[in-house]
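Structures incoming, each one as structure tokens.
There are two complexes below, and they share chain A, which is joined by chain B in the first and by chain C in the second.
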Partner chain A sequence: MTPFTFATAQYDSGDWDSAPFVPANVIDAVARYTDIEVTPTGVVVPLASRDLFRYPLVYLTGHLPVRFSAAERGILRTYLDRGGMLFVDDHNHDVDGQFHKTATDELGRLAGAPLRELPNSDPLYSAFFAFPEGPPTTSHELNGWGDNLVHKHLLAVLRRDRIRILYSNKDYSSEWSFHPDNKRFLSVDTTRFAVNLVVYALTR
Partner chain B sequence: MRASERVARAQRALAAGAAASALLWAIAVAALACTLGVGGVAAGLGALAAAAVVVGRALPVRRPERVALWLEEQVPALEYALVTSLDPAGAAYAGELESRLAGIAFEPVARRAAWRSLALPSGAAALAVLLLAVVPSRALRPGGVPGVVDGRVPNGQSAVDALAGLSARIEPPRYTGLEAEVLDDPVRIPALVGSMITIEGRAGGEPVRGVADKDPLLIAIGAGRWRTRFPMPNAPTVVRLAQSSRERLLLLEPRADSVPVVTLDSPVRDTVLRIAAGVLPLAAAFRDDFGLAEGWWELVVSRGEGESFAFRTLVLGRAGFGNSRSGSRAWRLSLDSLNLEPGDLVHIRAVARDGNTVTGPGLAGSDVRTIRVARAGEYDSVAVEALPPPDPIAGLISERMLILLTEALERKRPRLPRPELVAESGRIARDQNTLRREVGDIVFSRLGGDGRESVRDENARDALTPDALLEAAEAASVRAGGERVDFAEDETPVVAINRPLLEAYNAMWDAGRALGIADPRRALPHMYAALAAIQRARLAERVYLRGATKPVIVDLAKIRLVGKKDGIEPRSRAPRVGEDDVMARRAARFDAAIGLLRAGPAAAIDSLLLLRAELLVAAPAAATPLGDALDALRSGRDATGALVRARRALLGPATAGAGLSPWGGLP
Partner chain C sequence: MPSRADVAVWTERGLRLLAYGALAAALLQSLTARSPRPRTITVSSSALPALLAGAARSGDTLVVVTDSALGPVYRDWLAAARAAGRVVGWSGTSIPAIAVAVEPLADPAGGDRVLVAAPNGATVALADSAGAIDSAAAGAGGASFAAPALAGSASATVGRQTARAVRTDSLLLRHVVVFGRASWETKFVIAALEERGWAVDARIALRPEAAVVQGSTARLDTARVAAVVALDEAAVPEGAAIAAFVRQGGGLVLGPAAAASATFAPLRAGAPGERQSAPVFEVGAAEPRRALALVPIVHLAVGALPLERRGSVVAIAAQRVGAGRVLQLGYEDTWRWRMSGPEGAVLAHRAWWTSLVGSVAYRASVPLAPRAPANDAPRARMVAALGPPDPSVPSPARDSYGDRPARPWWWLFAVAAGALVAEWARRRRRGTA
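Our next item is the complex of A and B:
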């Protein structure tokens, strides 16, 4: 069986590489809690490349306005149609910031349907660890960074009850962007939700 | 009437009595056979046999001479005249004999004998029919005798099923005041812990044996019934009753007596007192599921500091509740009487005891409130609920709000007298300038200034044009040797970040000037420019200046604790058995029992009962619908809904997908 490889999306606009430690942290969490075969490093895959089709889960983040090129849009649409899952996280933790506005607009047009609130009872939140309250909060939310509110839901575009695009305003990119060696200092591992993402993408 | 005719009449009376007797005996035997659960054919044969015996014994009635002899025996006054009259040899004396017999009435003797012969069979039939009516109707159902696997009595076994038609009597502990309850033919016996349970059934045939969990039950026999009596245990227990190879299971479902619930209503919260004097009102509410015995207040007074503490416990206001289920108590605590000193702590709680004399008593306490007497050194640090500190920034009006005010003023301008226009525009101009100074503070603090632009000399501030600010920014980003700290394209990053704010500063400056001369129309374009610049600066704040990070290679073996040793291959980890597997195994047992329902309903019920005994402790949410299902199955009602609920509780809600995962892999 091909090991799971965590892929970070590279796109022309914006700062796609703003959370460089997230891949290592997600890989660490998958290895720590599951028996899923996983490669020890992530990969960066351009959205306009057909290499995107090799990866069932792709992570996209940034702070700046997002505009996909025609090639990126075409490949990404095909990727989603074939069952790929795109996880987008707003590194700004903003409800009304430029990344949020442009990314949600772009993703909505791409999927042909607007992003909607994902119910906190969705199977995503019990795919591996149980998150009965929905998406786990981040320290940036609780510290009042950004818009000074806690987002109760993630946004998503679903297809036949399966998430195609998962969009987060919670700034997991900041929450998970630390060297995995420092995880031992945490009383509660905040990257556990990443395991749910991976398990969901691989099993649903 | 001639003697021979009179004998024939007696003959008919006796024959009718015999026939009726045969019929009654047949009824008695058939009813008894049904009561004992014997099959219909056997019951019919038994009835026929009984009738045949009676008829056989009455056969001599068909011969007149035997009837005449019997009458001679019953009526000595006949002096054999009757027998002689029937004998052909006595025909010569027929006239004399007839005259003698005419005076003796022997027919009533035959009628009375016929009636007497009905007394015993009538009683037997009535008794048997009564038994048949008393015993539960399910005992008569063919193939459905409770306690008999598959409804059939194995060959060679006693026809008396001592495990059918059980009854269980529950006597709750006396302190509860509840009345005894009798359950007919139960599958499960729910009762309070400590209740006395008496199970009994019909005695007969093979002896009945019983165990509760692993403890044998003492079974007594008397008055045609067996019975066993034991207290309700404190954990779910399966009682196995057996007779010969038959077995029947009963589930004992104990219910615990709850401890009282005590709510302290006063004092509402912990308190620090400066002086321990006066009266402290105490109030609490109490309730219990069966009855409260008494309640009181408990005080623990602690004194000391560091490692040296002394405690004393006080009990106040102990009073009974008379076994009522709820009540309240109030008390006025005199703080003077406690002789408290500074630093002393008083812990207060209300306590109640219920009337449980079997497994109790149940004791419960309320939340604890703490009253502390402040020390002298603490007087200047008594906590107060202060207002939040004033936020100077919060007093500012945003540029967006200033634009709204200016736009409104511009719309009203044709209708406003000049003095009012000047006054209103001046107010907006002052707010605009205040906001400009705040923006200037931010820029100055980044450029190495003291961040107090707003307190600088007004003339110096006005002299600092945007160009001068840019020069200051360049200077701040260059080190002493002329080396730049960092750069991007043609300007330093500090300037790059500050440039939008500098533009905003400039635009606000122009807007403030226009508003100062009461010209809001000219001020508005500058204000729009300032707002746009602030928005750009907001984005620029999020540009992080950092170098490239080294890619991290995760040490998977270390994380998975595989371990390293030369020459030894690490073993792959075996997944642990999760909680879900336990539930899955229970669900499999449930499914197997459901599969048995049609072929062996009694066995299926027993399997479900054993499963419920386990679920009562491990998963009460699933045990409840399973109990409903057992009750329905035992009483012959439709159990589908309860079984579905039980299975959902065991496995969780069903999930359905449209098909296989749509992930298609490589193109």
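Our next item is the complex of A and C:
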């Protein structure tokens, strides 16, 4: 059986590699809390490559404007049609930032419909850990970085009641991008929501 | 010399005598008449409809020479005549022994399986009421067709002979229960079955005391569940319940990781062999499963049947256990077919998983309203109705029943009546009537 491999999307525009510690922390959390077989290291997969189909969950982040090439758009559309799940996180935590504007525009065109607020009762928030209030708040939201807002919802595109595209303004890319050695200093493990994300992708 | 009056009286007496004589002859004829000697009448099947009414009134032996089996109406007519004491035979050396049956597929998308028994090597043409569907060469066990939706009856034709049948029952599709670890294989097997329309319950293990549960997996019973898919070791805690379910009549699809467990050893069709990597990397359209890793099924159990091979090794095998069926799969990570395959891979993967589950699913059938009997096995039904054929009967030279002479009874009545009328007329002329 193929173990779960955390994949980070590499795209032509923007800074796709802005959160280098996220894969290690997510992999550690999945291995720590579950019995899911997981590859010890993550992979980087170009969006325009058919290799993307080997990783049915892919993580995409950045600060800069996002514009997909025709090849990237074609592969992504097929990927989503076949049951792949794309998790996009705005590393800016800024609803008026360039990443947010361009990424939501691109994703809306890709899906053929605009992203909508995901209800906080969605199974994503109870897939493993319980988050009854919806997406967990990040320290960057509470510190007033970016747009100085606490975003109460994530955005999503659903097909057959399953999330195909999940979009976050919460800046989990900063929240989960600490050096793994520093996890011991956290009073609450902030990567627990990443476990929900992986479990959701593997089970729904 | 007699007078004219004497001549008239003698004439009248003569006429009366003639009438009495004719009546006496008719009476004698009716008392002594015998049935004509029965003959053997041989007709071709094409001439039978026009001649059958005449033949039914005669006492002749009737032999039908036919190059294709008779339809139900004429077959039953002849069978009724035979049951009534008539001697009826038939000859049809060129009629192929074919039969057709229609059964619903265990597939939420619907469709029927048409099974045709036909001579080995014969070309079978399948059609329904709307037109031609498919054709195939019959093997040793006949031919089998999967038809998405039949319009009316299914007909299978071999040479000039056609057999027709309609579906007589429908299936109640019940739930499928999937047990597996949290993995891409578990996710996409569930997705494939749900997208096809199956109601899927699942228990997806995350760690020993935690699982994602969809629907209800607590009670495995054929009253609610048609089949279980045990993908890996996550199904082991349910092993006893799954075994009881299968023996009760339920179906089981056993993945390679589950088959490796000793818990499922009594159920599996064979032992898992040494894992083989895929011979090709890219999932192709023609043989997509060549790109999948395989755990060959070795040391097949007594009664187990290999259903698919890759090269010289068995990739899929099945066997009966109790009243149920077990299908063992050697392929790993079939989700790669869906994600990485060519265009149409999602549909193909979905249909393949449905065929696996459908082949073992418990079949709870509901009879449909009775319909007019179809001619589903023409030659066999001819033998059942009329007895075995007589190959020694020659072809008919002429199809006719018109060569028998008319019986001469009517003119005796005419003579008697004419004589009496003539006598009465003469007596009136004489004024004595």
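Assorted remarks:
In the analysis below, the second predicted complex is superposed on the first by the 204 of 204 C-alpha atoms of A that agree within 3 Å, B and C clash if a C-alpha of one lies under 4 Å from a C-alpha of the other, contacts with A are read in each partner's own complex, and residues count from 1 in each chain.
The rule we apply is simple: a contact is a pair of C-beta atoms (placed from the backbone, for glycine too) under 8 Å apart; a residue touches a chain by one contact, two chains touch by 3 or more.
Since the structure is predicted, the reported quantities are computational estimates derived from the model, not experimental observations.
Within the superposed three-chain model, A:V199 lies in touch with chain C and out of touch with chain B [touch as defined at top].
Residue contacts after overlaying the shared chain place A:P180 against chain B, while chain C stays out of touching range.
Within the superposed three-chain model, A:R82 lies in touch with chain B and with chain C [touch as defined at top].
In the superposition on chain A, A:R159 contacts chain B only, with no contact to chain C.
By the document's definition of touching, both partners, chain B and chain C, reach A:F53. Contacts of A:M1 after superposition: chain C is touched, whereas chain B is not reached. Which of chain B and chain C touches more residues of chain A: that partner is B. By the touch criterion defined above, A:A127 reaches chain C but does not reach chain B. Of the two partner chains placed by superposition, only chain B is touched by A:R32; chain C is not. Residues 35, 50, 53-54, 56, 82-84, 160, 201, 203-204 of chain A lie at the contact with chain B in one complex and at the contact with chain C in the other.
Within the complex, the chain A residues that touch chain C are 1-2, 4, 33-37, 50, 53-54, 56, 79, 81-84, 127-128, 160, 199, 201-204. Contact residues of chain A toward chain B in the complex are 15, 18, 20-21, 23-24, 27-28, 31-32, 35, 38, 40-41, 50, 53-54, 56, 63-64, 78, 82-84, 92, 98, 123, 159-162, 179-180, 201, 203-204.
On the chain C side of its complex with chain A, the touching residues are 181-188, 191, 194-195, 204-208, 210, 212, 232, 257, 332-333, 335-336, 338-340, 345-346.
In the complex of the two chains, the chain B residues touching chain A come out as 539, 542-544, 549, 551-556, 559-560, 573, 575, 655, 657-658, 661-667.
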